[in-house]
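We just call them A, B and C in the order they show up, numbering each chain from 1.
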Amino acid sequence: MVNSSVIRRSWLIVPGYERAPIEYIRRYLPDVLVLDLEYTVPPKRKEEARANLGDAIRGLAQCPSEVFVRVDWKTRWCDVKAAIRPGLKGIILPGPELAKDVTEIDEFIADCEQQTGVIPGSIELALILESARGLWNAWNLSRASPRVTALGLGRVDLTMNLGPDPQGDFRIYPYLMSRVLATARALGKQPLGAHWRRGSRGGVDSPERTLEAAQRARYMGFTGCLCAKPEQVVPASQGFTPTTDEVSRLTRIQDMFEQIHKAGQVYADIDGRLYDSSKVQACRNLLLFAQACSRKDTDKALYGKAEVKQ
Amino acid sequence: MSKYVRRSLLTVPLSSLLPEWALKAGSDVVVLDLGPDTTQKRQNSSQSQIALAIRAAAETGAEVFVRIRPESTWADLELTVWPGLTGVVLARVQSPEDVAEASQQLTKLEQHRGIPKESLLIDAEIGSAMGALNSLDIARSSPRLCALTVGETSLYHDLHLDPEAALDQDPLRFIKGQILVNARASGLQAQGMSYPLSITLAKADETQLKQAVRRARDTGFKGAVCPHASWVKICNEGFRPSQDELAYYVKVKEVFEDGLRRGLASVPLEGRMVDVPVYRRAQVFLEWGEACARRDKEKQGRIAGS
Amino acid sequence: MIRVNRSVMFVPINNPRFVEKAWTRGSDAIILDLEDSVPMSEKEKARALVHETIPKVAKGGAVIFVRINKEFIKADLEAAIWPGISRVILPKAQTADDVRLVDALLTSLEKERGIEVGAVEIFPLVESALAVANSYAIATSSPRVKVMPDGWGYDTSLDLEIEMFAGFDQYVYIREEPTLAEIAAGVEAMGGPYIPGTTGKVDQKEEGKALATALHDAHIHESIILHPALVEPLVAGLAPTTEEIDWARKVLDIYERLQQEEESVAEVDGKVIDIYEYQHAQELLEWAEACAAKDRRKAIAVAKALSEQEPASGPSVNSKQS
């Protein structure tokens, strides 16, 4: 089950060849830093990026962001091998379609863990679905390995050539979000994705629109998304965090329910709206989540201060 | 056409004494609810008191269901299955096995308590992502099943949604669509309400509620769970075609049948084409209107007689 | 060869006036209907008309399809499958077996009648909740299924017992789940998006434009229509514009140069060009060429038909070329 105190709202992608990815942490404080071997790395720099991962990951020890590596599906074997080392939290695997794709990688990761002295089973997998087949098989894919902790909707506007509909959404995009959400929640995985709309090509957008996309996704049940550009990190983290107004409202509901709900009743009436225990539990969940976000943000702020002091 | 006229399913806390508002509400269905606390010792109501409560509810003219909680399925069924009951609502069904287990126990209870064999119905409430993903298999899992109900508050809990957010669009529209389609694909009815009233559960004003019910009907739901008595009348009226609509459907029938006599299978009416499916649909709505009228008459008779 | 069926127009086969004019409408494809537009009392007559009607309606260069009856599959196919029919519309397909039955009958008829075996496509209509639930199985039931609609439609509204055009999107799941299933199955999903303001009234020019724009934006290339007024906006609107073609050629050029330098992304005129843009550009140019080829074929067919016509008689022709 996904630990609700694991907060991963913004996953910042930086090219794997970056010499000092720690700078991105200092400046933008993403919840997760993703060293990329895929889209952001042109063919002529792939070797360099792989070779750089060792130093990059070592340089990120002690920082509050978790470290993932996004591999390129076509070269996933040597990408995974280059990535697995102490300090790595997990692998982002874009584009799996069949359960056996995931099982094979799971086993390969186990071999790499053994060879590099990483705790066996500790490397997580985040699956990013980017094709119709992958989306159709989401259930089997997510169950194919216990390492899978996140299930995401990828930049399907690009990979599936989804054009915009008259209401400004990419064709069937909200439906795909719902499908990923249901599968992720049924299996206890983190649902990853933002509600990108017409104008956001491949999930790249302005800070204002990123905030909106993250917020809309939060209201659909998602808890984090990939950020292609550093400027998207703060709005993404913000968008996936309940606002102070929301927290006060939810707290009030919880408090009042205790007072109003009498044994033998099914609903309590709060300001003309009815609340059963499930609805109140939903509010409580979100309060716990908001508290966890708060703790995470405090940790990150302290790190920022500690860094400055040095 | 759909089998059951169950436009309003009024939630009533189960206790030995049913409140006045429940007895007078005029709902098609009463769903007796044990509340959330499964550990509570039920000294308040003994089995015989509950049996009486069921009979009292049935005497109002409503069909009576009891809502069974997944954490205490066996105990809840033992406590509440008595003559007079039409069926049970199984809360938060996750898999066909949940239905099968309940069905087996119903068979035993029917036997021991003088209820006709295999007569008790099951309404499966889908209140989780797992349940939604399994809803086709669930819908096919037992001949006792009559409906799938959208367990909206439960879904909000399961999916980490905010019941207080006011959104442009229903975040559950696809999952509700899935539940509905899978119910219909299996010959069952579906019960649910449109957003946002489906989650705010407000004792809304009449206009708002009318619109919401109309929207639920236009999506394919045949009825809705009423958390409050104020919803009942509007659900009863809103889940059946209005007089104006019925008049229009009569026209559709006439125009098409006239066309047939002239050798045509497609005829215009007010700018639209009336062909076979449109004609058949009008017939279905007319029959549904008649079934609702019969049900209303039946309930009136009961109230008058009581 | 890429099929070009921007407009697929229903023609009630038992209506001689509509049949006579059908070839003049400029539609890419025509469906000879044996199902809902033909009353039960007329069905036998309609069946007998198919063979002679094919050349009549094909005069303008349209490809010819036939919609059969679910209850009379064998009789309808035997009457209808002749050279010149390239697709069977199968209504009320509920299961993969429904499609396989038609597949087998088509194979024997193709063999009997000198049609290339496997050439006739099957277009299963998704018209009920059960069909929606089975859409993946239906999409993968036969290699003859190459393109498929979603579940939106009049028969589905009957199955669900709901109205249509209620002013909001009542059919979200019914459209989008089959669409995903079809794409996952490798079949072209031609079901279009929800268009706010659609009334279902048949002869609306504005609705035709809105439909063409919506389908164009969504990269959908086929649309089934009931009224000839929709032919022109769809045939024009579903083909790429000159601007799109010019940009696609530019993209090809830029990306191929990137590849030479082992780069993968560039930005030109504020637009990103990468592998995805390149693939889309290739597809667009193929589609543009296929549309142009179809328009040429239609123009040749129309010119031939007009020259064979008696002067000062016969219907006037809508021969728009893009």
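Please note the rule applied: a residue touches a chain if its C-beta (ideal position, glycine included) is under 8 Å from a C-beta of that chain, and two chains touch if they have at least 3 such contacts.
Computed from a predicted structure; not experimentally measured.
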item: Count of contact steps on the shortest path from chain A to chain B; value: 1
item: A-C or B-C, whichever has more C-beta pairs in contact; value: B-C
item: Chain A and chain B, separation of their C-alpha mean positions in angstrom; value: 38
item: Rounded Å distance, chain B centre to chain C centre (Cα mean); value: 39
item: Per-residue multi-chain contacts in chain A, two or more chains; value: 175, 179
item: Multi-partner residues of chain C (at least 2 other chains); value: 172-173, 176-177
item: Residues of chain B engaged with two or more neighbouring chains; value: 173-174
item: Of chain C, residues touching chain B in the complex; value: 12, 36-39, 41-42, 128-130, 132-134, 154-155, 157-163, 166, 168, 170-174, 176-177, 199-203, 226
item: Contact set on chain B toward chain C in their complex; value: 1-2, 136, 173-174, 176-178, 180-185, 214-215, 217-220, 222, 260, 263-266, 268, 271-273, 275-278, 280-281, 284-285, 288
item: Interface residues, chain B side, partner chain A - complex; value: 11-13, 15, 33, 35-37, 40, 44, 127-130, 132-133, 151, 153-154, 156-165, 167, 169, 171, 173-175, 199-203, 227-228
item: Complex interface listing, chain A residues touching chain C; value: 39, 41-44, 131-133, 135-137, 158-167, 171-172, 175-176, 179, 201-202, 204
item: Complex interface listing, chain C residues touching chain A; value: 136, 172-173, 176-177, 179-181, 183-184, 193-196, 210, 213-214, 217-219, 261-265, 272, 274, 276, 279-280, 283
